Every structure is written in C-alpha cells, then in structure tokens.
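Report on the following structure.
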Amino acid sequence: MPPLVDHHCHGLLREVPTDVGPFARWLSESDAPPAPGTSYFDSALGLAVRRWCPPALGLPAYAPPEAYLDARRALGAAEAERLLLRAAGIGALLVDDGPLPGAPRTGAELAGAFGAPAFRVARLEPLAEAAADAAGRGTDAFLAGVAERIAGAAAGSVAFKSVAAYRHGLNLEPAAPSRAELWTAAERWLRTRPPGGRLADPVLLRHLLWSAVGTGLPLQLHTGFGDTDLRLHRADPALLTDFVRAVAPTGCPLVLLHCYPYHRQAAHLAAVHPHVYADLGLTLSHVGGRAPAVLAEALELAPFGKLLFSTDAYGLPELYLVGARQFRWALAEALRGPGWPRGDADRAAALLAAGNARRLYDLPERAQR
Amino acid sequence: MPPLVDHHCHGLLREVPTDVGPFARWLSESDAPPAPGTSYFDSALGLAVRRWCPPALGLPAYAPPEAYLDARRALGAAEAERLLLRAAGIGALLVDDGPLPGAPRTGAELAGAFGAPAFRVARLEPLAEAAADAAGRGTDAFLAGVAERIAGAAAGSVAFKSVAAYRHGLNLEPAAPSRAELWTAAERWLRTRPPGGRLADPVLLRHLLWSAVGTGLPLQLHTGFGDTDLRLHRADPALLTDFVRAVAPTGCPLVLLHCYPYHRQAAHLAAVHPHVYADLGLTLSHVGGRAPAVLAEALELAPFGKLLFSTDAYGLPELYLVGARQFRWALAEALRGPGWPRGDADRAAALLAAGNARRLYDLPERAQR
Amino acid sequence: MPPLVDHHCHGLLREVPTDVGPFARWLSESDAPPAPGTSYFDSALGLAVRRWCPPALGLPAYAPPEAYLDARRALGAAEAERLLLRAAGIGALLVDDGPLPGAPRTGAELAGAFGAPAFRVARLEPLAEAAADAAGRGTDAFLAGVAERIAGAAAGSVAFKSVAAYRHGLNLEPAAPSRAELWTAAERWLRTRPPGGRLADPVLLRHLLWSAVGTGLPLQLHTGFGDTDLRLHRADPALLTDFVRAVAPTGCPLVLLHCYPYHRQAAHLAAVHPHVYADLGLTLSHVGGRAPAVLAEALELAPFGKLLFSTDAYGLPELYLVGARQFRWALAEALRGPGWPRGDADRAAALLAAGNARRLYDLPERAQR
C-alpha cells in the first residue's frame, strides 16, 4: 500500500497532557466526564489507542494507559510525536482550517511535523462569521465579505468543508436561495446575532454551500455521528439527495464525511451519483476491532473509485496513528474475504488509500513522492 | 436446494453489448459514467459478475472483463445466453411488466429462454398512465380506464407491483383516498400532465395501491435502494407501517422488495404482520462478497416463512446467474453459522428458495417439476 | 462472569401452555398467526429456544419442539420452571410493573421463583390511566393523582419506564409542557377518553417523562422494535436527542431499551451524553445466531460503562433462560475478536453483565451475594 493521503484531518495540539484523565478526554466526542468508575479508555477507541500506540514508543501492544503515558513522558513530547507520526505512514494531509480549542498547529507547522505536504480545506461557516464580525449590521458589506472570503479561500485551498449538519441538519432546501431570501435572512441574522454568534440559519448555510459549489472545488460535508451538538438523524446523508441532484449539472464533487451509522446510505449516493464521494473518517478509529466489518459495509455499494481515507484526527498525534493503522488493518481484512481476488484487492486498496484522493483533489506532483 | 423461484425480475435484452464500456453500464443503477479512471466493474457487483459468469462460459473465475467478453463473443450471443441461464437453476420466474429501455423479452419469450414458466407481475403506474393516454382530459373515462386495466391485469397476473417509492416516497397517507379526493387529484393531474407524463401524484398512487389490494393478489412494493431517481430515506419500508395496518383486515399480502439498507426494518414488519413478506432482490448481487452477512441481517427477525428469493435482474443474462448464485452461496453461508442445526437449515433454505413463493403466489403445478 | 443483573424484564406466566401452537405464540411479538405452513418456531428466536432450553431439561440441544414440550409436561410445570430459571444464572431482576395479559407473577413471587431479589420498575402510562380512572373528568384531581402516584411509585421503585415510543412515537417536543399546555391537554383527554382508554396524548406523555425525571430515578425508555402497535421509524432513539439534552442539567439517567435496529444510534447517544445508557434487551434473543454480531455493533460506539444486560423476558421461563444464555454467549464471542486483550474483555464483560446496572440503579448490598 502506498503512503496514505489523509483527505480530512485537523490540527495537532501544541502541548499534549500526559496525565491519564486529561489525556483520555481527547478520546471522546463528548465534552462530559465518562461514566462513574470508568474512563474514556473503556471504549473501542481506547482499546485501539492501546493496540497501536505503545508499540510505536517501544512498549508492548495493550500496555496500560499509565505505563504508556509514563513512557511518553520519559521520551519527551517532541520525540514521542516524531515516533507516532512517522509510524502513521501518511504521505499528504488535507487539513480542515476550522477553529479548534488551543489553536493547534496546521498548515506548514503540521506539514513539518509529518514531513509531508499539507493542503488547506476551508471551513465555510467561520468565513461567514468572520464576514459578519467585520460587517456589523451592514447586509451589503456582509454578503460582499462572504463572497470575497470564499474567493480568497478558494485560491489557497483544495476543498471547502461545511458543518451544516451540526448547525441546522441536512434537511435543507436543495436549491440556492433567491437573492430576496438571502437578503432577508442575512439582515435578520445580523440584527439578532450576539457577538461571536455562530451561523445556524438554513438560508445562509445554503448560500455558503452554493457559493462553494460555484468555485468548482470539491465540497466536503460533515454527515453522520459527531459530538453532543449533533442531532444524529438529521445528519443522515440521504437527506442530501435533492441537493446532490441539484449540484449534478455543475459537476462539483461532493464528499460525504464519516457517515456512520448511515455509511450504507452514503455508499448508495456514491454509487449512483457520479460526483459523490464518501469516507468513513474517524469511524474506523472509534469502532476499534469492528473496523473491518464497518469498512466492509461501506464497500457493499460504494464503487472502489469513490471511497477515500481520512483520519479526521485532531489534537493528539496518537489519533493520526490510530486512524492510519485502523484503516490499513481494516482494509486488509475487508479485502481478504471471499469474493476478492488478490490483484483486484491490491488495486482497490491503492485507490482507497491514496489514488482516489489524488485524482479528486488534483494534488500536485510534489505530494506524490 | 430445489430450483429457485425468482419472484421478481425483469426482461432480457435482445442484444447484449460485448464491449467492456457498454456492457459494464448494465452493472450500475446509475445512468452516469463511473468515476474517472475506473469502470463499473470496480464494484462489489463487478467482482460478483467476474466470480460467477466466466466459469459458466468455460473460463476461470475472476477472468478479466476483456477476456470474458472475448469468450462471450466467440461463443455467440445465443449460446452464451443459453449457458448462463442454464447455470442459474431458476425453475420459475415472476416478471415485472414495467417498461424498460430496448423493449426486452418478457413473458413467453423469456420463459423460452429459461426453459421455465414465467408469470406476469403487473406494474401499476403504467396502467394508470396508459389510461390517461387513452382518456385525454376526461376524468370519468380515466378512472373507469384505470379500473378496467387493473381488472384486466389481475386476470392474467400473479401479483401487482408499485414503484410509489420512486414516484413520491413511501410517506403516503395510509387510507384509500375518498371519492372526492380522488376526483380532484385525477382532474388536476389530467389537466397538467405533459404528453407521456409519469404519475407521481400521491393521491393517485394511493388509489392504485388500494385498487390492487382490492383484487386480493399479492402486492409487491419497491422499497430501499435503487437508481438516481430515488430519495433513499423516503423508501424506508417502516414508512409503510400505517398502510400495512390498514391493509391487514383485507388479508392481501404485501411484499417488500429489496429493502436494503432498511432490510432489518422490513424483517421486523414481516415478523409482526402476518400478511407482510420481504426479499432482498438485487441487494445480494450488488453487495458481492458481503451477501452472506446482509442475508444474515435480514434473517435476524424475518420468520423463515416470510423471506423470498429474487434476482431483480434485467437486461443481461449475467445478472440472473449472479443473482441466483449469490443467493445460493449467501444462504448456504448464512445457515452454516452457529445456531443452525442442519435439518432446520435445509428446511429454511427450501422455504426461501422456492417454497414461500409457491405458497404466496399460489403457483400452478406445472411450475413445480 | 458474575450472576447477571437483568435490569429490565416482565412477569412470569402462572400457567405455561404445553401444546406446540399455544406455546409458540409466546415466541413472537406479533398477535397474529404465523405464515401458513410454518410455526413461530421457524424463526431465529425459535432456534435459540431449541438451542438453550432442551439441555436444561435433560434433552439434547435442538430437540424438536414436540419432544421438548413432552419432556416439559413429564417433569411438571413447577420442576421445569425451576430447572430453567436456575440455569439462567440471574442474580437480580428489575421488573417492569406494566400490565400484561394473565396477570403474571411479579415482585416477591417472581423473586421467589428465581431465588434472587426483584426490584420494581414503575411503568408511567398506567399510573396516569389509573389517575384518570379515579378522577373522572376532574382535571385538578387527575393532575394531583398523577403527581401522587408518581411520588408513591418512586418510593418503592428503582426506576421508571415509559412506552411513549408506542403511544405516540419519540418525536416529542423536548421540554416539559407549560402549566397551560398541560391543563388543556388533560382536560381534552379526560373529556374524550373512553372508559379504560390508553394515554397517547403527546403533551401528557411529556408530562409523565418530566415528572419521572423530577424524581431523579433512572428513566427507562422503550426504543426500537416491538409489536404491531409500533411505528418503527418513530422509535429511533436519535429522535430523543433534544430531550436528552434538556434532561442533562438534572443529571437524571436515561436508559434506552432494546434499540434495534437503531442500536448504533443508541450507542452514539450513550457515548456522548454522560447520563445516557442503553441495552439490547430482547434483541439478543430474537436475532438468534446473530447475537454476537448485533452486540458487537452496539459496542462499536457504546462505552463499556454504559451498556447493560436485560432479557426483556415475559411469560415463559424459557425466555429468561434464552435471554441470559444468548447474552453470555454473544458477549464471550464479541469480546474474543481482534482488538480485545483478555483482561480488558473480562473487565468489560463484568461491567455489562452486572456492574453497570448495580452502579446505575444503586442496588442494595443484599442483591450482590
């Protein structure tokens, strides 16, 4: 398998906590404490971290969290990070530039840490929020600012990304809003928005989606599971069907991220719509030993030219390693089953691991090594 | 296992393309080209075709598409078709008479090709469209024409079939429309229908469903995945629950077709409602090596007397063979697992393969051989 | 594995039918006869009963139903029950006190049969129906009666249970109803309720949920599959997301029961919301040989401190034994897979089997033996 192209991840923490409790908090999508008497290591993801990370630092697989964190401290944060990231075998990264607590390393800093090129994925909603911060209550200025920011982001990015699934749900009207609808919604939002308020208006979210589509860059959409902010049933990618159809004539690629537990629905969209792609993202990390089964479910309908690899990792270097190892392991297992001749399995693996992403995002030669 | 009863399929192409590109287009539910750099053979269904079809023509399993199509050309279309269909082991077919591009062979022609009896399944929506073509704007004539065509079809068919899931979605009001509702909807549709326009009005779709129920013949309903016309989440068979309940007193059997990825929901309906049946149809072909797992999922709740076999094949003789082989293989695998004593497995296999369909559709003796 | 804590079950029949037909009727959630030519033993649950129960009565596994029932009759009902329940290895039971046909044994009678402590789970809807029976058309008296009954039940129970999923669906407004809303709804219901009429009004159902939350006791909620009364898609636990969030500040634990086929959705809620728990209940019995796979699906996202064991058994002693054996077997299989070191598997098994329930319901020492 070639070096992986991680087509969707986030930034690396500047300082990783090395006490079990604070460290384990990065292993959950929850912002709350674990069940009494347990820790966030008591999950499929916790076991996956213990499976893949201790060996990268010279410990046996499944070393207890305390022993692992002792070893990590002894090595020092920089050396531990180097060992973990090197073991991940990631040859290129596409990094969502959405804001994260702690202002983690992205861009050139992240590329340096990985020794691999990093490309920007521009998060849409913060662009609009920044335009609103700058425009105050001026609707004209706001809409011009959005257009300008999107054009600017397009010039320096390989894709856009939307979290409309979080902000409203994917049950959006499919068409671009009319000029009048847009104006009314923008005016209302600017008038009622508290300082720093997040964009959740469905009309404005649709405007962002269609503005991104207008640039022709691939548009990544969060679908499926996430943190407590999410209403899961409103993140079913099947809800995007009418939008997918409306976008079809433009040829703009749509990339469904994560998708679980609606990954079969996502695979169906990828199978019948030529411009739709999908990944499983953090799913393969979170489901631990079940990763081969979940990947196999996605491959039931997804054509091999349409499924991508990503870690969706953020914060801990451990999560990039786990994402990469889980994917490699799950893929090898899923393609070993009945019905998979060796040559075809190898070809499909190369497409999923890197080829599909290189083609879809038109990654420059320097990223290919 | 006895010869299979394929309780839902379509017609056979008169001329099968033998170049890879045009041939492969029949392997997708999409009407669009595959992802750049890939073909529709790059899918679980593509691998399944390569697994089962080359051996029927004397080549090794997984022969490359080009070699397979060369061998097919060398044999000639008629001989290739004969070999493929004979290998399928299908002892009776129920054929959806809905229109397909290329006016494929159905009825006696299809029965001849298979050497097995073929029974008609009357598609509802085209009956109404033909009645509208004949009636022009006359509401009375239209409704009388529908009634007449349905009565006529009932006389020569073993079941009705609806694609309301495509035309509107399964989120229909459960009850038969009132006479006034029906009139208003018919009048409106006839007034606004373009020539040849398809029926998508929910009131008229309900009228067709209830007209079919009135005949007492089993009513097949498309549910689950399909082509780009479909909104997948509106094809969840669970949406039919109130309709299922409303139909219960009539005793008319309802047969949920395909169902994936909502086959567990369909199995639940089949488990608790005595008049509900289900199949997996084209699913087992499309999911390739995962067919045993998907069939096992359906068998979690579905009573063994309620699940049926179908290929949902159309066009290529290869698709009938793949449907039949995938089903036989998946069933053998699914019933080999823990919890399946041999005698019970054999009995359940015989029910799913043929017995349930023979009982449900009351197939005449001559089909039993 | 320690003795199991069955955190959700129902009462035991006083007289078990020993003819195949009447006995088999207890193996279905349906109230209708099985498909012609089949019996309710022709299902995954039927096979599971034949797998686990004959050995408890001295017969080989998979003995035919007739032979099993002959042996059962020969032993006598009391001795058969004793053997079956002893084999279940259940160390404590939480018993839903909702009404069941035949007024089965609950409470002390059930505890005696099992030789294990039994705790009460108070069903909410019958409390309101009893209050309505007592109050006639007096809204004040009704609401006071509800409050009094809930307070009384809280004093003698370890949890509440709601079947709002059956009565209306889980698509309820999340907030507690206002006083005015509540009054209007209560008045309307009392005015239109037929004698003995069931509560299905969404405002009153919400009032019951929030009244239970107010007691601080864990609140069990039916989700997922059930009998013919259920609209499955309205029992998706993801529909509870806004309610889950609204309850969060109170700290009241919410326990999602059964969940299938939405158990991945339930596991996600349990993963990100600290006060949410889940079980699979009767699912593991009903899916037979697939129980390890279904449990593994739930464990993809569910933290090991959040998933509980229950049989959801009612009526036949066989169903308690099957529930317990299926759980033990499925758990052992699911935790044997890749990614599960032995020590962690043992610890997780102990949590799921008993530890989580003991902690969540704060079960008294005497139940611990």
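So that you can tell them apart, the chains are marked A, B and C in the order they are listed, and the count of residues begins at 1 in each.
By definition in this document, a residue touches a chain if its C-beta (ideal position, glycine included) is under 8 Å from a C-beta of that chain, and two chains touch if they have at least 3 such contacts.
Protein identities per chain, from UniProt: A, B, C = Amidohydrolase.
Predicted, not measured: the structure shown is a model, and the values here were computed from it.
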{"item": "Turn needed to bring chain A (Amidohydrolase) onto chain C (Amidohydrolase) - CA fit, degrees, nearest 5", "value": "120"}
{"item": "Copy pair chain B (Amidohydrolase), chain C (Amidohydrolase): interface residue numbering same or different (half cut)", "value": "different"}
{"item": "Chain centre separation in whole Å, for chain C (Amidohydrolase) relative to chain B (Amidohydrolase) (CA means)", "value": "37"}
{"item": "Touching two or more other chains - residues of chain C (Amidohydrolase)", "value": "none"}
{"item": "Chain A (Amidohydrolase) residues within the chain B (Amidohydrolase) interface of the complex", "value": "236, 238-239, 241-242, 245, 264-265, 268-269, 271-274, 296-297, 299-306, 337-341, 344, 348, 351, 355-356, 359"}
{"item": "List of chain C (Amidohydrolase) residues in touch with chain B (Amidohydrolase) within their complex", "value": "28-30, 32-38, 40, 42-44, 47-48, 50-51, 61-62, 225, 227-228, 230-233, 260-261, 286-290, 293-294"}
